[in-house]
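What follows is a pair of complexes built around chain A, which joins chain B in one and chain C in the other.
Here is the complex of A and B:
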């Protein structure tokens, strides 16, 4: 029972971080219909950057963590400005290919600057574990869930009430009409990339706090793809529902099936779920279908 | 205040669709731009609003002036900030946003929050129906309501020139009348100029002061609304009336067209 509860809690917590990272995909997809294939690498490089700030440069948290955010914002801006904007109005496939190029570029940068393949972040959160019923969970999980949820809430408010947030949703609906309202779509796109990088960075740091910095962070990005596909490519609600589902299945399946089937099953489970969902609901659980009126 | 001097527009560097258009819009006036499908009306509006660029079109010759300043090299955002707004053809609301959010997007570039909320009440005042629908998702509004929303969104930019592309398209006659009344009211009460693209010549000339008739990328006829209303060719081609006021059959119109062309 304690074991089960533990799997559930940690699964849900990690799932919420997946959901947060998945937002980095949904944001870009919604506003510009570009599939951000660099998600995993964004997670990876921001985690290493945090390592660089906190460990290698031994900066205090209050300085190092905001610098990570700043780095992510800058990275997002640069990617949009120099990799994607020159290709505006080109076929969407070229744009997606460019994000793949960005992914490999970032991976190269990471192995150049941080050739060691694993590292651990210092313990940012309090060390003593929390007792939830019979389960004992380390605080990293709890904080990961809380921070992800809080960011989710903030972003929802932003999209609901902020001028730019509403403009971003409008852009997702009709790019030309947005331009007819004299809204600079380029700043909409660059904002979406900046946000995408920030959520990837924060998600990356949260995951690294739990499992250390490894190349597996790229895989975390891949799992976030399964979150968006399960939730529906352009649905924020879909992300927050699908993330914990994936996290839960992964943890429970991993926990109970590994002794039976062998290691590795944990990483396959999300993809099995996707395939099943795609059969039943091709738009994902909450995918926006186009509104058609006749 | 708006002047087009002999502009030419080329799409994709090869397709020339406007062959020297000259026209003007005075302060506080309503100008109708008439013509059949494919004449180049929408292209003319996009040339003015700067939206041409995103369609890979370009003004290759001539100039567009706004208060004496050339704007044909400016971006859509810059032109929008000068007070020119274009409502696109085909009721392009933001389908997943609600009515009020759609209106707010129209006011994106305005920093005067107080005036924006005033204008929101103004838009609801012009379109009381939209007020009832303020929390409704725009994608599910009826055609007429969507057209109202698109015009209301353009109003929210507090423009000096509002360009409307075929606002009557696909709407019931009653609805067309209602919308045109509101456009006229907006024009007189807010002293906003309106450049109106229409195929529905009769309703357009009802509220317009002046009109231009386009064909194949050229202006073939222009004059006051009265002049155009009484012009035999306009009656013939665009209102489906012959000289004696009877409906003409499509076949004889075609025949007439073969005999006499404007250019």
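Here is the complex of A and C:
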């Protein structure tokens, strides 16, 4: 029982972080319908940047963590301005491929600057584990879930009330109409990319607090695609519902299937979920089915 | 048209011929002579590079049929190549199949696995398909590394290829084998693309709804594209297995899959020439980086330690992005422009660069 509860709690917490990273994807997709396949590498590079700030430059937390956010903002702006802006209104194949190119480039940058493949972040959160019923959970998980939920709430409020948030939703709806209302579509695009990078960076730091910084972070980013697919591509509600589901499946499956099937099954459960969703309900739980016209 | 003036069509067969003029024939024979005498003046190392280029051309030609002609994105191509490679390895090493039987079987196995992962393509496209194929890549590699038949993490050794009594042991003899199979695959792709099937693929790529309205069976042709693309990947995988002699899952990563997509884009989507140019460009770029990075490291001792491993992916990523922005039609289009300019000389300014 204690084991089961532990799997559930950690699964829910990790799932929240997946949902947060997936939100970064949904942001870009909703405003500019660009599929950002570089998500994993964004998670990776911002975690390494945090490592560089906190450990290599040994800055205090109050300086190092805001610098990471700044770095993510800058990265998002650069990617949008130099890789995606020139390709506005190109076919979707080019838009997907260009993010793959960016992903490849970022991976190179990471192994260029940080050649060691494994590192650990210093402990940002308190060390003592928390007892929830019979389960013992380390505090990182709790904090990860709380911070993800808080950010989710903040972003929802932003989209509901802030001018830029409303502009982003409007751009997702109809780009031409938005331009006619004198909303600068290009700055909407770059804002959405900057937000996506920040969200990916925070998700990356939370995940690497739990499991350390490895190349597996790329897979973490890719796993959050399963959240997007299960939840539906353009639904924020879908993200927050599907994230914990994926986390739960991953942890429970990893816990109980490993003795049956073999080690490493945990890492491909999200991918198996992707395939199953694709076969049964390709537009996800909350996604809208696209009706196309010639 | 890209033919010189005065090339007349007297009959239909002549119109459809690939080699139309005397110059074509002369250049083609020249190319054949250069390729098939290459072992005389290329060292073992460069023959190895040429072999890898040949194998990659087969795989990327398959991806080009899938992506360039039919418009279905696949980011799991390295996974499908792995299926072919491991099928060949298991069949020839464990079950004692002859090389040619293993080659055909691995093509079909990869084709059927590709077919399974291609089924969602009937309902979804674009990003959804990209994600499905990424998932396919991870699932395939996981199965390979955790299944006892495929050797797991340890890997599996593969005997050299042999047909009849002839064993293809050295780089030079393998070079002939690989070049012949590559040529057959290119010819197959060329004829596929200009036949009925290729036209159906192009119709699906340009607008699948319109294609369906015109009577193209989407289910049939999309799955056929997946089958052919992955069949060629399987052939390439089998050749790769026999060429490298020992397989481990590290040869088939997601990064490789991205690189294959990059090769198609750099070469030119939807052209027969594109994959050839793209593969040669990227593989030679790899060689250049491998050659130049130790030189640079010696010249500038202040470079970070990860320079040698990091500079390759950085350059490839940059090249993919730059090609998409500056020359989305790839090297094949540039080659076409060059040919037209040469033909129109000295009136090259008449060339309508679009």
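To be clear about the criterion, the second predicted complex is superposed on the first by the 288 of 294 C-alpha atoms of A that agree within 3 Å, B and C clash if a C-alpha of one lies under 4 Å from a C-alpha of the other, contacts with A are read in each partner's own complex, and residues count from 1 in each chain.
Rule of thumb we're sticking to: contacts are C-beta pairs under 8 Å (C-beta built on N, C-alpha and C of every residue); 3 or more make two chains touch, one makes a residue touch a chain.
What you see is a predicted model; the values in this text were computed from it and never measured.
In the superposed model, A:217 lies in contact with neither chain B nor chain C. In the superposition on chain A, contact of A:180 is made with chain B only, not with chain C. In the superposition on chain A, A:12 makes contact with neither chain B nor chain C. Contacts of A:279 after superposition: chain C is touched, whereas chain B is not reached. More residues of chain A are in touch with C than with the other of chain B and chain C. Once the two complexes are overlaid on the shared chain, A:163 sits against chain B while remaining clear of chain C. When the shared chain is aligned, no partner comes close enough to touch A:20: not chain B, not chain C. Overlap of the chain B and chain C interfaces on chain A: residues 293. By the touch criterion given at the top, residues 49, 51, 54, 56, 76-77, 79-81, 85-88, 92-97, 101-102, 104-106, 108-109, 137, 139-140, 143, 153, 157 of chain B touch chain A in their complex. The part of chain A that touches chain B in the complex is made up of residues 89, 163, 166-167, 169-170, 172-184, 288, 290-291, 293. Against chain C, in their complex, chain A makes its touches with residues 29, 35, 37, 83, 86-87, 90, 92-94, 96-98, 100-115, 218-219, 222, 225-226, 229, 233, 261-265, 267-268, 271-272, 274-275, 278-279, 282-283, 292-294. Across the interface of their complex, chain A is touched by residues 67, 71, 73, 75, 117, 119-120, 123-124, 126-128, 130-132, 134-136, 138-139, 142, 145-146, 207, 209-210, 213, 254-255, 258-259, 261-262, 265, 269, 304-307, 309-321, 324-325, 328 of chain C.
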